[in-house]
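Below are two complexes that have subunit A in common, paired first with subunit B and then with subunit C.
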Partner chain A sequence: MEIKTAEYNIWAEGAIIHYEGTLRLSGTDAYQDILTMMQAVLAGNPPMITMDLTQLEFLNSSGINLLAKFTIELRKHPDVAVKVLGSTRIPWQSKSLPNLQKLHKGLELVLA
Partner chain B sequence: MNTSFGETGQTHSKDSFSISVVLKEGPLSKSWSQAGTTSDFVAEVLARHGAKSGLDYTETRHTIVYLVNELLENAIKFSFPGDVQIRCSLEDASFELSVINQIDPEIVPNFQALIQELTSRDPGELLIERIEANAADEESSASGLGILTLMNDYGVRMGWHFSNAVAGSGVVLRTQAYLTFH
Partner chain C sequence: MMIGATKQAVGGLLTSFRAKFVALIGAAVLLSLLMGGAIALWNVQQLSRDASSEIESGLSKATEEYLTRYIDMTAQRADLMFARTYDQVNLLAQFSQSLIDQPALGTEISTLLGEFPNFQDTLVYNPKGNWVQNSEGGSSVVSVWGYLLDNSGNMQPGVEQAVRDTSNFGLIAPYIMTTGPSKLQSYYLGPRAYPFLRTTPFSEQAQTFDKLYPGHNDQNWWDFFFPGIYEAWQGWAGHPEARPVQTEITVVAPYVDAVTGKLIVSFFHPLYTQSRKDVAGIVGVDVTPDQLTELIQGVKIAESGFAFLAQQDGNVVTIGQAGESLLGIAPEKIEGSGVQSFDMSLANSRFADIANLKVPPAGTTTITEVTVDKDGTPQKLIVALHPLAAMNMWQPNAGILAQNMVIGFVVPDSEIYASLYAAQNEIAAATNRIAQGILISIVSFLIVVLAVSVEISRRFTAGLVVLADAAGRLARADYDIQVPIRGRDEVARVGGAFNTMAREIREHTETLEQRVADRTRQLASANDEIQSLYVKLKDENIRMGAELDIARRIQAMVLPTLAEHNRIPDLEIASHVEPADEVGGDYYDVLYTQGRARIGIGDVTGHGVESGVLMLMVQSVAMALHERGLDDPNVFLEVLNRAIYKNIERTQSGKHLSLAFLDYADRSITISGQHEEFILIRKDATVRRIDTIDLGFPIGLEEDITAFLSSIQVPFEPGDMMVLYSDGVTEAESETGDLYEMDRLIASALRHHQKTATDAVVEMIADLKAHIGTQKVHDDITLVILKHR
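Right after this comes the complex of A and B.
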């Protein structure tokens, strides 16, 4: 599974979802394909889902809402562990990713 | 009509380091990718300038890109015939941004009600509440989340000023944002 453009690349490797580049799509509808791909990973019912954001340089607020929505969906699957990998090199991640933990207490956030 | 919400004064002196961009009415003022291109450009110029006086280049650049991009996305999303004007300035560690565009008078009452709600309570609590509400409602457009991330995650102070257009039938909206870099 892969969604690739000149600006960004998103792909799943088993239950690890990788995000790379700059994502500033125009609202909830424009993010639907990406959400569908993330939901397909969850549908496989893995013991753990990892979202690796360490190469995602920019995400607009519609994209942050996508991550938040998916986090809420994951919360309904307490048997699936959730790990989010972020980078302290990229300012938006330290600022906005802690909000995901407020939505899902079991989410493990690793900012390195 | 002259209505203001939040902080709307312009505090920077005329000799602050500033950059202005006008997206002329037409394809540019309606093109989604223009928000990204313009925010990258103004942020690069201001962050390079700020770095000379000791501001962290990466942090300054990223924050300005996020802020300008969010406000321009809103201006483009609610575009009404007219130019979109952007003015950013940096004075020491203090950053000021204004975005001026025209909006459809019909959306003004709902938008003002949204602003009143967004500015009435703790932005962190509101952000989580609205994310939960958006996730529960398939039809929701997630309005206001961008502004809440600016206020909560970035510590941006916001203001909105509405006035009647001199020419044309739109309402002129000036959105102000203020931030101090540490």
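Right after this comes the complex of A and C.
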């Protein structure tokens, strides 16, 4: 599974979802395809889902909203472990990713 | 198309390569033919000139020879005629002389003859004329003049004897008359002593003499008629060498005969006495010049050529009327000198050329070309002159001289050279015919050459014509054209190349057509899509335009007024809110009621009307809660979150927002809620960044956010400046894609923190715009500056 444009590239390797590039889609609806892909990974009911955001240089507020919604959904699956990989190098990540942990206590946030 | 092509072919004939080829051949052939023709013509003309000249010279020579021979022959005949007359005169003279030399025989014969009536002279005196003459019937007539008679009219005795002695003349004279050249008469004339006249045949001669020569009977006959002649003969007597020409015969130039009244030429032969000491009378014959004229007039040369006979001095004796006129001469009677003579001398001709004619020496012929005037036009005559044999000729006032009569032939040049002119005309005609022939052959040959060269050129240029037509068809986009290749010459090679090119063009064109057709289909289909998309987009644009408009109006509605900015006593507040193309959901408000000041700032996720409405809800709730006097920031946020969360659930908008509040009271600021970092620039330019991550939680995500709420309190002294902003500021992109980020924002704030809030906002926005340049602004830009007065 892969969603790829000139701006960004999002693909899933098993239960690991990779995010690369700049995501500046307009509105929540625009993120529906990405959410569908993430939900598909979740539908596989893996023991752990990893979201690797270390290469995602920019994510606008709608994108952050997407991550928050998906995190809230993950809370309903306590048997699925969640790991979020982030980078302190990227300003938005250290600002927004801690909120995901607040939404889902089981979410493992790794800011490196 | 075919008609057009044919027309083009016809029109092209004049300018085509083929026409030039034919013209070149034609010109070359024509030039060579003309040169050849000209040379041939020149040669023919030269030849004709040569031939003409040759013929002329030949003809001239032939004419000269002919004239010479003819005149020689005629002269010989004339000489012969004279010779025969001479012979008869000589015969007559010999007979008479022999009787003189033998007087006894003469007397005997006379006596004997006296017995024959035919020889009896019965002389009768004529008192009127004072002469005696025998009557008609005798063999001859004897006339004895008065001065030979006595007073009774009888002959003096000596005279009578002499008459009787000459009766024998009648024996021979009649025979002389009937033989030889035709003669007018023959006669015996007595010596000076008794010059009676005995003439055969009989005629009334004395009567005629009286009529023609009145007074002749008063003078001696010799002296009257031929003065000097008798004396000349007397000189010859015994001295034959004294004769100018060695003959006894003397010719008298033409004169009018007293007896016959005719113009005659007399041939006299003197008789001598037995002793040869004196003249004893003469015998003679008269020949009319007409007899010579028969000969002369028998001469016919060409058309009107004639002959004439002249004496040595040029006096013309025999000539026709036409001849007289042509030579410009006329007879003149010479009076008072014996017998009547005529002078019609060439020397008196009115034409100089004729007058200057010279009698050639004996035995030679001269041919002279003279010019006379005939009827006012000059005419060239050829005059041949040939003298006859010399003769003793008596002329009045001149005596007896050796003279050559001259035969002249006169023929108009035009006639004698008629054959030459005819030949020349014939040559000229032949030349013309040859010239015409040459011209005809040139034209014919040229026609043949042109016809052949047209055919040849057609073959030569057939390939070119086919190529030209084919190229024309190719130009009219007939790409199926192929030309037939014949032979292996250059044209064939061009044809081959043409075929290849035409084929390539056709293939290329066909492929091109296919490609164009495909592309057209694609374009048509794309166009359909574009059209439908355009329709959709048009709808979408209208919709979005409307939404944008609504969103802008909502944002504008809820933003605090300038008055609201400035009603807080200690604080100077200035702001800059700039919506992006798609209006975001930046929230900013200044709440102030009953001394309680609260500034809120937030950012709704997403854009558009929904975000705007959410912001409007937030503003309304915040306003309501503030008015209710809810001072605890955490409670404030918790109630607000709950209200918004429920509304979001109801509207299923799926959005949330960051939201933080800044409460001011007594030089102290309390910050609560999660938003961007707050930047506090102290009056002494020290900077404090106030992180709000742990002071709250996004509004609308969770129903209960109590666990995440917190607040922080910082002093805010006069001169201090607080910078509030939305992420549209820090995340503003430069042209090179660099985000503005905190460092640049803080540096900008430091540069302007001593200014008033209003000025600082203007300057800091200017700095930000400098960073953005022409780059697209993705998000709303909200900058709020609080300055402690």
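Quick note on the criterion: the second predicted complex is superposed on the first by the 112 of 112 C-alpha atoms of A that agree within 3 Å, B and C clash if a C-alpha of one lies under 4 Å from a C-alpha of the other, contacts with A are read in each partner's own complex, and residues count from 1 in each chain.
Quick note on the criterion: a contact is a pair of C-beta atoms (placed from the backbone, for glycine too) under 8 Å apart; a residue touches a chain by one contact, two chains touch by 3 or more.
If you're wondering where the values come from, they're calculated on a predicted model, not measured in any experiment.
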| item | value |
| --- | --- |
| Partner chain(s) touched by A:G44 [first = subunit B, second = subunit C, both, neither] | neither |
| Subunit B versus subunit C as contact partner of A:G14, first or second or both or neither | neither |
| Subunit B versus subunit C as contact partner of A:N60, first or second or both or neither | both |
| First (subunit B), second (subunit C), both or neither touched by A:K95 | both |
| Subunit B versus subunit C as contact partner of A:G27, first or second or both or neither | both |
| Residues on subunit A lying within both footprints (that of subunit B and that of subunit C) | 24, 26-28, 58, 60-62, 64-65, 68-69, 72, 91-92, 95, 99, 102-103 |
| Interfacial residue positions of subunit B with respect to subunit A in the complex | 32, 35-36, 58-59, 62-63, 65-66, 69-70, 73, 77, 127-128, 131-132, 134-135, 140-142, 145-146, 149, 153-154 |
| Subunit B-facing residues of subunit A, complex | 22, 24, 26-28, 58, 60-62, 64-65, 68-69, 72-73, 89-92, 95-96, 99, 102-103 |
| In the complex with subunit C, residue positions of subunit A that touch it | 24, 26-28, 58, 60-62, 64-65, 68-69, 72, 91-92, 95, 98-99, 102-103 |
| Subunit A contact footprint on subunit C (complex, rising order) | 582, 603-608, 654-656, 658, 674, 676, 693, 697-698, 701-702, 708, 727, 730-731, 739, 741-742, 778-779 |
